[in-house]
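What follows is a set of structures for review.
Both of the next two complexes hold chain A, though its partner changes from chain B to chain C.
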Partner chain A sequence: MPRRTARPAVPTTRRRADQPALRRYWREYLAISPFYVLFAVFGLFPLVFALYLSTVSWDGLGEPDQVGLDQFTRLVSSGEFLDALGNTVIIFLIAQVPVILAALGAAALLSSPRLKGRGIYQTLFFLPQVTSIVAVAIVFQSLFSNEFGIINTLLEAVGLGAVPWMTTAWGVRLVVALMIFWRGFGYFVVIFLAGIASIPPTLYEAARLDGAGPWRILRSITVPMIWPTVLFVAVTGTISGFQIFTEPQVLTNGLGGPDGSVVTLMFLQVGYMGTTLPTVAPDLGFATTIGWGVFVVLVLLALFNSRVINGRRKEMS
Partner chain B sequence: MRSRRHAWLQHAVLIPAAALFAFPFYWLAVMATSRTSDIFSSPPRLVPGGEIVSNIERLTGSVDFLGAFANSVVVSVTATLLTVAIAALSGFVFAMYRFPGRDPLFAVLLLTMTLPTGVMLVPTFQIYADLGWLNTYLPLIVPGAASAFGIFWMRQAAREAVQYEVMEAARVDGAGFLRVFWHVALPALRPAVAGFTVFQFMWNWNEYLWPLLVLNDQEKYTLPVALQQLNGSHGTSDYPVVMAATLLATIPLIVLFLFFRRQVMSSATAGAVKG
Partner chain C sequence: MRAARPLATTVAALATLGLVTACGSTTGGGDGAVELTLWARGASLPDDVQTLLDEEFPDYEITVQDIPDVEDKLRAALRSRSGLPDVVVMGGSLPSFFEVSDQFVDLSDEAAAGDAVDWALELGRDPEGRQVALPTDIGPWGFFYRADALEELGYPAEPEEVAAEVDTWDAYRELAQQAADEDVYVCDHAGQNYQAMLAQDGYAYFALEDGQESNVVDSPVSHDAFVGSAALAQDGLCANTEPYTPEFNAALTQEKIVGFVGPAWEDGLLKSAGEQQAGDWRVTAVPGGAAATGGSFVSALAESDHADAAAEVAAFLGGPTSQKAGYLDKGLFPPSTQVHADPDVALPQDYYGGQDTLGALAATAVDAPVVYQGTESSVVAAQFFVALSDLAASGDDPETVYRSLVDANSGR
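The block that comes next holds the complex of A and B.
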């Protein structure tokens, strides 16, 4: 990023130097204030409010009951949270991880200098990203419908037999994973392509002259050179992957699939808010506590990520 | 010779992949233009039919789809304009002005992007309830009006595109703070603003979780919530109607995206590569 720090800031003509900063720079502060005001009200305040809410049991209608730390005990001892964590991790591993790796490979393929039709491929891969997850879920629901879905029809036609996608735990998880893959792929491809475009082509020419194959080039040049991009994708991909909600919720019509196999952490949290998941009784206190559970999981993941990053950086230097 | 074979191999991988990616769209079009009996027939019909008009007629006859469409337009346009305006002004000020506390304030803004906000659903919901905002569009417009990502992106763009000398010239001509923003900064920021606008519009158009949580009245539903409800009520009885609705909800964004392809894809990479 080219920094132009040498450029002088706009001089403060017509502003007297002896005025207090707030009066001298009120225009600047006013112009940037919306973010801080809104963040205080809808970002920081809820965080504090959440501390209180996690100490009550409340169906949202009557008076909240003070229960102390019971909700946290319930969080770690009830199987629900751990099951939801497990579902989230499974979906993350079979969806988010493959999609990032596949996108990296596709971007490497798409970035070869003489490839024709790159723009068309890029657009086609990106198109699912602009469609609403609800629409995607509805289409996938019908593609993978047990009885009349086109996928099962095709499988039967080639003699493989129908798969009970929507009525088995792993079937639904796989469909959710395919949705995430299909919708996210193009986004990651575009990001990786932009990273690869900034690599000097001479590096590739030199490697090719030295007889390096595609795999070697990907491992020794592309990935190290776009490492900041890889990190960005890994971090944001983890944060969004662990907050997956809409895909499983719409795909299973709000029910969570057989045995609740796609009830993710966010799905469980929203379930306890009383809007979906008929199997749970609304409890806003417990929903908040699940929110804290997600928060802790994400912080742990961030710490883990930064450890991996530092280790990798040492290894490369 | 070798490189030509290589290119052929690349297309041999990419063409089937692209076809697989296009297939769900194709199938959506097939089902939205079919009769219910076509969908449940064996073998199924694999090409689009001619029933789209009657499917849309049944759709608008049974639910207020046009109302939901209009709601989505109103909410998305308002929310997007507000977010883009605030991001452009704040980003411009962060990039081009110097004032005490600027850098720490910007660092705080960047830091908030890493905060997992989706986990504080209940307290945020309660705040909306206490403000009397439930069943209104305010929760979908106000809290997101100042986007950290947007401000970051506009600041990057302003650093590259806005010229200090032009600002100074405008100032000498007597232009005030807002006038400099309007006449100097905004024209220079146009490509970035266009990209961010489309990106933000898509995001608002597809937003599902909060509309689901805060909107109770059916006549207030935005498209994603209306679609989900329609799928729940008609999904088993009248599939083509659900598919026609899904198709209609999807087309505007696809058209918008195809028009602004370049800007959208460069917006998508703004945080990843330059950050």
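The block that comes next holds the complex of A and C.
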């Protein structure tokens, strides 16, 4: 095969090609720089600093003490992190999982073509999402107060005994779960509704003609057709579920409930940052290490999520 | 297209520049005027603090910033050594700032010139004797009670007589028992009584000997106070509601709480939650002796461009004029003994049925013992407080709980 000689390049192009890439494309780099500058300042730097912080013990003032990997040893051995992880998982299971399932059901019902006043329901369901969470917590405190709450007053009026909501571990977890349910329900309903709206109505008509009931339609048409939405909700719902903080913090006035039963991972972390949970001494090093712990847990969860969902997708196709 | 690209580049570059410079601090005032920034929680200063400051310091330009989480903001600013105010009024966790006490102006001369009660000045002094902060308001503890309710229980209604009859914690327990028999409470939360008992003994888990802090978490003072308070709660003599919660307000409006032990600043809480009970409440000395805890403190920052002016402003806010206004506006109890005796301030109060509450607690404010607050005193205190909340419901053995708390805190 005869070797072809390179065609002589146009002088101007060659001059440009000889320049280092940075100088050649500086306009392009400048154009995309805002994102990278912001990422470096607010993303990369904190991440690197967090690595350093997890090797020190520091109350935020004065000089930090170098402790090497002691904070990580403390993370796995002190029990505080594991307790908080346990609390988070429990609250996640009794709050986030039911709210997603209930929202899916509600969205399926709301998208029924015979339903009147859909807008009103959607607005009502979504309203808690835009309500101040501090105000919500105060309302829940008043509702579930042991001796002076409306719920216990009603329970006693109908002959059932008062329930010690706020002073038992499971009681206060349940109240936190109810707060999360009440607040998150409308958000997930709206997302599911958007997904369902994109399903061609002909599919439903065909299914009904074939004699499929509502359960069968939900299982065989709605859920498979909105699978990307389910995936989105599962992933974001898990991540937000594992970052539960405000509800337990405000409900228990920053103290964490009886025996610290609603001290979630984020709650513990913010506690060690020194702004809540007065029962722990501020230590930014340990707070950062908890952050790394949360990161690892979330990565594991994301892997688990994608495995389950990919498996399910293969099963369907 | 050709024209659009340079334009886009320029816009992007300007946006980047703008964002970067926006992060930097801006210090204005090149005209030589003394500009000072004051950080404070609105609730811990008189309503018209700006007017007061402008009148007192016509040459200074003072900006008052209302910052609800002032301690956190100050900590962050000290950490980054930027954006610091010149003067700051803060509440709790003062001892945690002693680690960096050289960041604050030593206000020893200002303290000596004033007449604040000794124990409150002591709280603002670091272990080396540097006056880091001056008290702006203090919390002498009182026994707040409803005169009509106590009369119904067969007790006197007048504050002096109540103080004489309920003079010990045993006598108080007897009263609490009689109240509980009538389905009302003179104890809101056992943790409050526990705190009062510790303050009476000048105890806060740590002791200072020759400039060295030692851990005295395990002590008979704390043990007896803890077990005694736990018994109050477990025997059903307390309402088990913490002040500043909706539960406390509900218990008060439903007339379940007819008395409680608390610091002077709960006056504001009482007046708002118990609005309908105006005229019924009184306040008197707590059983077992004078107790007090610190309220708010004012400091001047050493790195201020005008540190001397900042110290002047701090001295003013920690002085009688500002304290007088703070008491009249918000019921903030003044540390200055001169204000206690001021006839313009020590007035009969309608809410307390014409009682002069300042006079009623002035003796407590003066007699209260000095309490040494260690850096982690508040952390340990919070653990014991939470434990008392839990004990009331769980019925666990207080001795066991006490022991486990002591063990958990032995390494501090």
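Here, the second predicted complex is superposed on the first by the 281 of 317 C-alpha atoms of A that agree within 3 Å, B and C clash if a C-alpha of one lies under 4 Å from a C-alpha of the other, contacts with A are read in each partner's own complex, and residues count from 1 in each chain.
The rule is short, and it goes like this: a residue touches a chain if its C-beta (ideal position, glycine included) is under 8 Å from a C-beta of that chain, and two chains touch if they have at least 3 such contacts.
If you're wondering where the values come from, they're calculated on a predicted model, not measured in any experiment.
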{"item": "Room on chain A for both chain B and chain C (clash or fit)", "value": "clash"}
{"item": "First (chain B), second (chain C), both or neither touched by A:T202", "value": "neither"}
{"item": "First (chain B), second (chain C), both or neither touched by A:A281", "value": "second"}
{"item": "Partner chain(s) touched by A:D259 [first = chain B, second = chain C, both, neither]", "value": "second"}
{"item": "Partner chain in contact with A:Y187 - chain B first, chain C second, else both or neither", "value": "first"}
{"item": "Touching partner for A:P164 - first (chain B), second (chain C), both, neither", "value": "second"}
{"item": "Which superposed partner A:L61 touches (first chain B, second chain C, both, neither)", "value": "second"}
{"item": "Against chain B, colliding segment of chain C, chosen among 44-52, 62-70 or 134-142", "value": "62-70"}
{"item": "Doubly contacted chain A residues - partners chain C and chain B", "value": "27, 31-32, 34, 37-38, 41, 138, 141-142, 148, 253, 275"}
{"item": "Touching residues on chain C, where the partner in the complex is chain A", "value": "5-6, 8-9, 12-13, 15-16, 19-20, 23, 69, 72, 75-76, 78-79, 96-97, 99-100, 239-242, 244-247, 250-251, 254, 256, 375-376, 378-379, 382-383, 386, 389-390, 392-394, 412"}
{"item": "Contacting residues of chain A [partner chain B, same complex]", "value": "1-2, 4, 7-10, 13, 21, 25, 27-29, 31-32, 34-39, 41-43, 45-47, 49-50, 53, 106, 109-110, 112, 114-117, 119-136, 138-143, 148, 150, 153, 157, 182, 185-187, 190-191, 194-195, 198, 228-229, 232-233, 235, 239, 243, 245-246, 250, 253-254, 266, 269-270, 273, 275, 284, 287-288, 291-292, 294-295, 298, 302"}
{"item": "Chain A - residues contacting chain C, complex", "value": "27, 30-34, 37-38, 41, 59-62, 138, 141-142, 145-149, 164, 166-168, 253, 255-256, 258-259, 274-275, 278-282"}
{"item": "Contact set on chain B toward chain A in their complex", "value": "3, 6-7, 10-11, 13-14, 17-18, 21-22, 24-25, 27-28, 31, 39-40, 42-44, 86, 89-90, 92-94, 96-102, 105, 108-109, 112, 114-127, 142-143, 145-146, 148, 151, 156, 159-160, 164, 167-168, 171, 177, 202, 205-206, 208-209, 212-213, 223-225, 227-228, 231-232, 235, 239, 242-243, 246, 249-250, 253-254, 256-258, 261, 264-266, 268-269, 271-275"}
